[in-house]
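These notes open a run of structures that come right after.
Shared between the two complexes below is subunit A, which pairs with subunit B and subunit C, respectively.
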Partner chain A sequence: MSSWFCPEVLLVLSGVGLILADSFIPEGKKGWIPGAALLFSFVILVFTLGQSGQPMPSSWQNLFLTDGLSSVFKPFFVLCLLGVTVISVRTPMGNEERVRAEWIALPFFPTAGLCLLVSAHDFLAIFVALELVAISLYLLAAFHRTRAASLEAGMKLLVMGGLSTGFLVMGIAWLYAAAGSTEFSKILVEQAGRPATLPLLFAIGLILTGLAFKVAAVPFHAWAPDVYEGAPTSTTAFLAVASKAAGFVLLVRIFGFGAFALDSVAVFYRPVLLTLGIATVTLGTLAALPQRNLKRYLAYSGIAHAGYMLLALGTLGEAGMGTVVGYLWAYLLSTFPVLIFIQEMERIHGSADIRHLEGLGQKDRGVALGLTLCFLSMAGLPPLLGFSAKLSVFATLWSAGEMPGLVVGVVMAVVGLGFYLVPVRAMYWEREADAVPAQRFPSFLVWILLFAGLAQLVLGLQPRPLVRLVERSLAPATTAVSSEN
Partner chain B sequence: MIFGEVTLGHYLALSSLLFLIGLAGVLLRRSLLIVMMSLELLLNAANLALVAVGRFQGLPDPQVAVFFVITVAAAEVSLGLAILVAIFRIQKTTAADQLSTLRF
Partner chain C sequence: MTLAWTLLALLVLPLIGVAAICLGAAPRKTALGVSLCNLIPGFLAFGVVLREGELLFGAEASMIREVFPVQFRLGMDGLSMALVGLTLVVTLAAMGVAPAEVKRAKEYYICLLLVGLGGLGAFLSLDLFYFFSFHEVALIPSFLLIGIWGQGDRTGAAWRMTLYLMLGSLVLLVGLIGLVWAAPETARSLDWRMLGETLRANPIPGPQQTWLAALLLVGFGTLVSLVPFHSWAPGGYASAPAPAAMLHAGVLKKFGLYGLLRLALPLTPIGWKELSWLVGILLAGNILYLGFVSLAQRDFRWLLGFSSAMHMGTIFLGLIGGTVLGLGGALLLMVGHGLSAALGFAVAGEIGHRTGTTWMQDLGGLAKRAPKLWFYLMIAGMASIGLPGLANFSGEILIFFGAWSAHPVLVGIAAWGVVLSSVAMLRAIRSISTGPVPSHLAAKEITDLRGAKEVWPMALLTFFLLAIGLVPNLILGPARPVLERILQP
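And then the complex of A and B:
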């Protein structure tokens, strides 16, 4: 087996290793397991980064294929895993302390699934990888089995995830009926130059519905706020960043260069995607305004961001695909640090209510500064990275001549300023609430937040590295055509 | 027979009907057990379509795909029942509208 499979294999081996270590090592000697998990995810990140520049062959009869897109996003997911591990190490487990090792080891499996997902080149492979991710996430969401909110989040995620699986499998069945294959390049070659048949369009619609659940696009977004709020914070982080990003990578692959990058399909689905984008941006932005819980707030913020990405994707051009890739990295840098902060806030205050932010600007300057930079970047204020991301969405819409999408996007970006400034105002302009515990945030959190804030400032002023990353992601697979079956 | 020879169209129509019944069950029923049965019905509707397409077009791939779907559905339902048991221990009910800890 060729070397490109390594991140996935290493992830699964680490996860299994940690669980086995937990079973065979006597109680009282398990203190090193969290440290080992952090070390493993860091080593895998370095390994994945080192590997991502090399040209790599396809494997298993073109079920999996490594191209620019997958080599750019595997480090993304492993970075998410590192962040998730930081959060799960810091999660208070209450009377479930004895299952901490499992709790820390479990996120390795959905990460492996995500890495497989972005290199999948066949809808059947997508189905299997997606279920590996989804089933692990149901378990992670419902992990605190004595807390009603966590169980409820797990159940809602399971029902919604099951529904999306149903749509996806039905889509695959219709795709077999319409195109006789589920392999991307075969569909592309066979259907090129032909008018799209009704069964094919129906199959694409079913598959798109399945994926719209995963990225929480309106009208399939209703699960997101409830699940984000009820699930443990590390699971929320995984869902909000990694799982959403995977959905978009899949959409980029399918509509950008994979199976459905056909003119006959684009004529029909371009307006559909743009309408989804307009609805998602509008609802995400407006529903975020009255939120008082930081996790629900991030859920609606994530829905709004998904809307911008759908608008860029909906233009179905290469520029739109590149914009989505860049936007996802900007989203990771601005959202993930806030989720790590939420975990620490829950440790100190017991909930993620926005009013716990009050007075933070005076009490803990470093944390407040880092958080402010993250929120302003989400809002899209210059000179931060979020501004460049939103600007490239608007530029894409402008050059594609999509005026309705552009107008709604700009208006909602301005409205969005209002709700992204709510936490900033709470930190600097509100008096500290009365009974605030005097506990301070740990210093690693200050460093993470300041580093993320600085990265967004630097990348916002000088987006050259990100542009290069985007260019690399759009490079075609090195062996897509000449692979020997 | 009343319908003449059974064709692929008949199978696809039946599977679509099952899919719609499953969808209605997920969206409308109040008991979580029935919701999970309906989820299974969704996947089985897709399985029927896969098998029929494989049979009529002479393709082996869709019929193999069914095994993947069955396996995944089993994993999903076992996890779902485990969560359901845990919910029942806390809330003493499996009605979906009792799940209202998370409301804005």
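And then the complex of A and C:
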């Protein structure tokens, strides 16, 4: 019975509870709702950390299983939710004030969807979970109904999301036709040792395309910058970090352990994944160079990071899968604090233009230092965490003998330093102190950023906790039956 | 009592300085005090190395068993001792030369301390992860130092230098990954001493060695401004504020050469021999091409930048000579060049500070108006062109002897390089220090170095240039066993 207390159920209950509370409590007494949302997401985070590895309810067994990968990533998504809630609470609302509770409660649902997604062991379950995520995100992206940019973002996300879902469903249908099942373990057992049939390869191609949209891999990336820029920042954060990570976890699962972990598939898809990776790193990095808006900038930076992860994934070995897991955590720890900062910057300046960073190094030393460490970590400079992530990508590519990927990765890491230094340069050397208008960021932001910067440094020098996490994520599944006995 | 903690102290003291400045201590005094205090653990560690040959800090090295096997281990032997000593002296002098009144002094001194820390850490680290990381620590502070406090085309210079060095570092990183992966799976280690023993026992196959040596050559070579990867160096040095240029040209550039001595020569000996023709061509490029380019310079800082890059060619000659004599000469010249380049940039900084220009045609009559400054200008110039008695001469002559049997033609080219560098440097000294005082400076009060406060950093560098020049065994004695081990098959 106790297994019903899983993060997914708690998340949905909290979301529903917040909306119900909003409907039944009279106007004027709703001030505590944002606080309650923060508390809920924090409690669920603690709970998820404590309960990770606990099996799913036994009646879900055919569709969802708990294994190392899911127990490592459920806390990841709930941590994202906590960050998103912090941003949501700080978002000033205009005419939408009346629906504030929905605004704060909605992110709980896609988080539940993501938690389901990473434990799914059947393509049907994946589809259902993905739709729960996608529909909530369409709503969130278009939430600022009076702002054209937000509506445009919602529309773009809807169209592109619909398209990617279409690819995915089509792929699942072909897969069922080709393999006779949608369950990972059955496909794996059934297809092992056989040459891959053309319909199977086609199905995998369609599914890969659907997921490539989710992780914003070139050439399916075009929606990301526009949607990131137009959507409310909390939604941007969700898309940029949680949704992208979920796409990669799925890729790791199906290509690493699950349905498609077959030699016959690897022969065909290894070059495809590596080519996707090369294209994604190159385009993401080069297109990031001229960006002047921090949200678009992070979108392209995220595309470039997705490329590095695809390169590691493309080696289709255990080392590559572990690298992706570690890289995702490094990406979370360096990108999310910047997104929280962007929200505060938009509050003060009304936009996320990089120009607003000028002189920050003199006015607000703590914020500037934290941001600098995050950006340099994204650039992969030692001794920060991002370096360890890039190092393991390069080491994976070297040991797999993938020289083209390695060369492109290295060259783009250099170009990448060029664009990650743009905000650093703006903060420290662009203008002198007296030319900068006074701007004060709330002290919680200073602490978050300094803490994040410190985390980059400490984990960069001693990545052992992260290594443990990676090792745990590669552990096999624990079934509900065995633990209930 | 074991003195292993001194190695850690060498790295912790600058960090304490950085923290203190962050918390509000007087920037210049703190930076200077920390650099001075750092001499104490330095001397203690040197004492142990002289007596016992080496000093190690940290747990025993282990094989790679986990996914990320990094261990924080430090060590010093006769070779790293020379470079750590160089770093300590140049850092101290750079802090001494750094101006008391500078905009945003806090950041300025933090950046300088971090650049020095990067050098120290790289020379002390035994783990390749930290060896690489410490060098990179200096990258962003240098970017900011040139960008915020630089002169001339500071923006372009800062970007060029940072991206170039990043490219070199990443090529190097790939080479290091390859080196670690070349060891048999059960005996991989990130500790370069252990890796060295493994690879001696199981040498890498020939063609693979050539590839790895090439990667290391391009990676380290970019950091040392080997032609054709040199173009970041002269402009970067010319634009950097004097203390930053001193640290970079004096200390950080030696990281690449140190890496080649530590890794490329002993671990890929066959590959290095295979590539020696290529290195020969490139180093001839450094000596001849950059030598002629330096003849054409009209700005003293640029001249120093080019001549500094040019001398790297001679050091490379020592590295491909294949004799202990040549390696010893290379090490001597590394130290000597570090000191003389630091002195040169310090003098150039003072000249620029006093006259507002380092264009040589706008200067003149310095010898009469600022005799002390002129004296140190002479020392830096004479050291750079290899006047006997100064450290650079001992280095160059040993390199020539050491490389003669293997590469007589290159020795001839290098000797011709001495002529080129003499012409360039003597012309510069003539136009700066003699002749009439140009009209725009005539009315200006040009003060000489005043009192011990301004003289001591230059005197310190001069003292070591002379001491090492007269007694080269200060460096060569302790380093000799290490260098011999490098060439042993």
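To be clear about the criterion, the second predicted complex is superposed on the first by the 459 of 485 C-alpha atoms of A that agree within 3 Å, B and C clash if a C-alpha of one lies under 4 Å from a C-alpha of the other, contacts with A are read in each partner's own complex, and residues count from 1 in each chain.
Here is the rule we go by: a residue touches a chain if its C-beta (ideal position, glycine included) is under 8 Å from a C-beta of that chain, and two chains touch if they have at least 3 such contacts.
Every value quoted in this text rests on a predicted model; they were computed, and no experiment measured them.
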First (subunit B), second (subunit C), both or neither: which does A:Ala352 touch? neither
Touching A:Ala120 in the superposition: subunit B (first), subunit C (second), both, neither? neither
Mind working out whether A:Ala216 is in touch with subunit B, subunit C, both or neither, as first, second, both or neither? neither
Touched partner set for A:Ala400, first subunit B, second subunit C, both or neither: neither
Contacts of A:Ile33 with subunit B and subunit C, given as first, second, both or neither: neither
Identify the partner contact of A:Arg145: answer first if only subunit B is touched, second if only subunit C is, both if each is, neither if none is. first
Quick one: is A:Asp226 in contact with subunit B, with subunit C, with both, or with neither? Answer first, second, both or neither. first
Residue numbers on subunit C that touch subunit A, as the complex places them: 66-68, 70, 72, 103-104, 107, 129-130, 132-134, 136-137, 139-140, 143-144, 147-148, 159, 162-163, 166-167, 170-171, 173-174, 177-178, 181
Subunit A to subunit C touching residues, read off their complex: 322, 361-362, 376, 381-383, 387-388, 391-392, 394-395, 398-399, 406, 410-411, 413-415, 417-418, 421, 424-425, 428-429, 432-433, 461-464, 466-467, 470-471
Which part of subunit B faces subunit A closely enough to touch in the complex? 8, 12, 15, 19, 22-23, 26, 32, 35-36, 39, 42-43, 45-47, 49-50, 53-54, 57, 59, 61-62, 65, 68-69, 72, 75-76, 79-80, 83-84, 86-87, 90-91, 99, 101-102, 104
Mind listing the subunit A positions that touch subunit B in their complex? 124, 127-128, 131, 134-135, 138-139, 142, 145-146, 148-149, 151-156, 158-159, 161-163, 165-166, 169-170, 172-174, 176-177, 180-182, 225-226, 229-230, 291, 296
